[in-house]
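What follows is subunit A paired twice: with subunit B in the first complex and subunit C in the second.
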Partner chain A sequence: MTSLAEIVATNLVHYNLWTAVEDVVLSSRTVLCGAPPPTSVIATDSSTVLSDQEYVLPLLVSEKLTLATLDGIFREIAERRAGVRPEKVIGGILNTDGTVVYYFIWDGVAKPRKN
Partner chain B sequence: MPAKCVPISLLNNTPLVFDLSHVKQLRELGVCGVLGGTLPTAPQQNVFLGLPLQLMVEDAMWLLEQKHAYLVPGRRLYDCLAATLLRQDILAIQAAKQEMTDEKTRERQEASRKFKIKVVELNTLKISKSELCNRIKQLEAEYLGEFKTEDLDEIIQDNSAFYFNNYQSFAESFNTPEMQHSLYLQLLANRGTDLVSSYQIYRHLRDQGYYLAPGLRFGGKFVAYPGDPLRYHAHLIVDSVQNYAESDIGMMSLVTNGRLATGVKKCWVIGGTKNAENKAKGEAGDLKTVESNATEQDVVCFSVEWAGFG
Partner chain C sequence: MPEGSTGGSRPETTPGSATAIPKNNKRRNLMELYPFPLPITPIYLPSITNNPLSWLVAGYAYWTAFPKLALFSDESRANQPSLTPVNCEYEYISSAIIFKVTSPSGMITLWRSGFFGKGSLSRSDPSWSTRTARRVMGVGTVLTSEEITNLRRQERMGFKNARDRVQQMELELRRLMSQETTPEKIIKERTAVLEAEKTKLAELRADLQKKPVKLATTPIDEEIREEDLQLVHPVTGELTQLEYLQLMPCEAVFLTLIGCLKVPALPTSWSVLQMVVSGSANCEELIRCIVYHHYRSLGWCVRSGIKFGTDFLLYKGGPPFTHAEHGIIIMQNQKGCRNTRWVDISGTARVVGGVKKNMIIAFVDVPEQDAYAKVVDGKEHDEVKLGVLYGLYKVTEVGYRRWVPSRNRE
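Coming up: the complex of A and B.
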């Protein structure tokens, strides 16, 4: 059986044209790290520049998500980046029909995009 | 308490403000509230609403914590108390007032007598006319300053702790720690234990300069504006969870709220406090509990928006 992280990684690479997608194994779960395609493909504005190292948190639509879980993931990623918490992770939510939807989850209070 | 403190009327456990100058004062503090008063003759019209201003419970809690306001029972209590006065009560009050008036009158006569003596003394000195005027003015301030106002009632009222000439003095008499505590419990009475985390998020955003308003129109607890709502669009739709470790944010709620927020050019903020749970157990209605919760670093929040792909 294919794991949640694998399905989301496949979706990222083949549907959303990400490159260099790798597993990042944390204590509680596996997250993904990769580079999104050039910003022209993605409907974000100039204020949200995606780096070439975006973290994607694979989630099942049926699973329970708490603040503690999210906080823990930011903390564990920070441990791998000299203690610097990433400013966001991208939640990749998988439905049973294979749909994956992506949501930015910013650490703290973020300003909305200007567009 | 400074006179600038705003009285918040508590009617049916709902915090309301009835005075326009107080409404202005609160707005300058970043508390906007919602106008809710309509016309008795046309209660159906709900487009142009006026006083009173209804506040959120969190608004009231914040104003109380910052010592910008105090709670007052509704005016109805004052009217009821006034209605239950017996004839002898009124006579007793009048007698007490008469006594105070007499005493003040005596004090004033005495002060005025001393003032006149001083003025006569001044007259014997050889000084210029303008100098004389100045000296008289000084003396007047010294001796008669307290009695400048013609209305003795006004002077007496300041010294009176026993009865209330008007609603304002009645309201102010509730500004004592004991009364405030019991009114505070009333304020919280209609709300569950979620209030603790909800208030923490409210204060967290207030501290960052956001103006908060009720969030129903965007499906959240609050909407947050980066300044006065008359000048800015809201930036955030705010929700809170009760328990940092246990409460499910809900994947569907993340998607629906995140998508709606992005659709209206906002972010969805979900927050909570690390130790809200044990504090909630320590009775959410306890003024001391909520106030000692001022540990800002306990607030954890995340902002969600649609990624723009997938």
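Coming up: the complex of A and C.
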């Protein structure tokens, strides 16, 4: 039996070529932590360059998410990083056709990206 | 060129179709690669004319085709691989159910005939092992659609970087010009350099907009990751196949109904349907199955529209042939269901319009729960039941298009 986190992790490692993807078990769910490939710079703008440690929150497309849940996830991750909240978490949403789409979930206001 | 206007909406080039072929030729090649809109192989019989000779020919053809009709024995079915249903397994991922086809022949059959399913590690057709074999072991020469997209992305990135550089130079020059102390000569020199760079940039832009991808494959000096090494068998040196073809529940129901798919634990399409629906008449998955069936029956190639925020995308032919023409969002005649707020509809319409597709609202008339329950609990045979149930629903569609009075006249 495969879990949602495993499917998203496989997608990250073998489709998007991330490395060192690991489970981070939180109280309510499992998130993933890993490093994007060095070339995955989204824009030349520094605000959207991915760091070498990104958190990915596996989600189902049918799932309902609340701000409280998200805040809890940021808080629990912070506990593991000496109280530092990550600037963003990436939502990895699994669709019924097997596509995983990724969206940034910023912890507050983010600088707009240059197109 | 902004990312949003091109990303994702490009027609996917298929393995085997080298990109430099002229258009008509390419289309013919595609027709040869994907001759059937469903995983069913028709038996061609000659026509009967007034000429008695044609009766003989036709008689012979019918005689030989007869056993292939597979109505009589399972043995004859076995001789006709396309009539053998593809095997499919299912698995639960928390509350979702996923349908997997793992046999290589099954994956190819379902993709090539009607573009069913999606490679779990690919954008559409299961091409992960081809891509990975090249990346890790350096074998193979045919570019997959994902690799073409990547090359295009790199080209665009190169252009954007060059554009940034030119903009910086321009700023710097303006700064110099505003200073009285700058000697005339320097300004002249800098202006000349800037003009040259601008011409180069324009050339680069023109190159980008040219259709065929440059196949000058840049040598990929990516490092082989530890994760990749684990994929290669230490003794045989073979690549582990991680990919499977995943079918949406509505695809699984449709394919079992037409006899092209077999889920061992679920003998009929009705039992497949029962696995994915909740038991209420307005169950979203059931409605998806009905809308999917509706458009497949009309001959469209229906695929998921998640990338554009729609329920489905409709392709004429299929992804390798053309861009999707329509984005479908589903609406029901029920209170409190999705897509009933104008704000949502207008948001989706802008995205769909932005990638040059029509937005269509598929409006589904859902029957009363009583009528639904009557069919579900009814005594009909399972295969009949599904048809009766679908008959209770009615799908009508409305096209939706943003219209700006001051700009458009039609």
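Criterion: the second predicted complex is superposed on the first by the 107 of 115 C-alpha atoms of A that agree within 3 Å, B and C clash if a C-alpha of one lies under 4 Å from a C-alpha of the other, contacts with A are read in each partner's own complex, and residues count from 1 in each chain.
By definition in this document, a contact is a pair of C-beta atoms (placed from the backbone, for glycine too) under 8 Å apart; a residue touches a chain by one contact, two chains touch by 3 or more.
As the structure is a computational prediction, the values presented were derived from the model and not from experiment.
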Review point. Who does A:Y103 touch here: subunit B (first), subunit C (second), both, or neither?
Key: first
Point to revise | Touching partner for A:G83 - first (subunit B), second (subunit C), both, neither | key: neither
**Study point:** More subunit A residues in contact [subunit B versus subunit C]
**Key:** B
Exercise for review: For A:Y15, decide between first (touching subunit B), second (touching subunit C), both and neither.
Suggested key: both
Exercise for review: Mind working out whether A:R113 is in touch with subunit B, subunit C, both or neither, as first, second, both or neither?
Suggested key: first
Exercise for review: Give one of first, second, both or neither to describe whether A:S62 is in contact with subunit B, with subunit C, with both, or with none.
Suggested key: both
**Study point:** Residues on subunit A lying within both footprints (that of subunit B and that of subunit C)
**Key:** 11, 15, 41, 43-44, 60-62, 101, 115
Check your understanding: In their shared complex, at which residues does subunit C touch subunit A?
Key -> 2-3, 91-96, 98, 117-122, 128, 132, 157, 160-161, 164, 222, 225-227, 242, 246-249, 251, 303-304, 306-307
Check your understanding: If you look only at subunit B, which of its residues touch subunit A in the complex?
Key -> 204-205, 208, 235-236, 241, 243-252, 254-255, 258, 261-262, 265-267, 269-272, 300-310
Practice item. Please name which positions on subunit A make contact with subunit C in the complex. Key: 1-4, 7, 10-11, 13-15, 17, 19, 37, 41, 43-44, 60-62, 94-99, 101, 115
Check your understanding: Residues of subunit A touching subunit B in their complex?
Key -> 11, 15-16, 36, 41-44, 48, 59-68, 70-71, 90-93, 100-113, 115
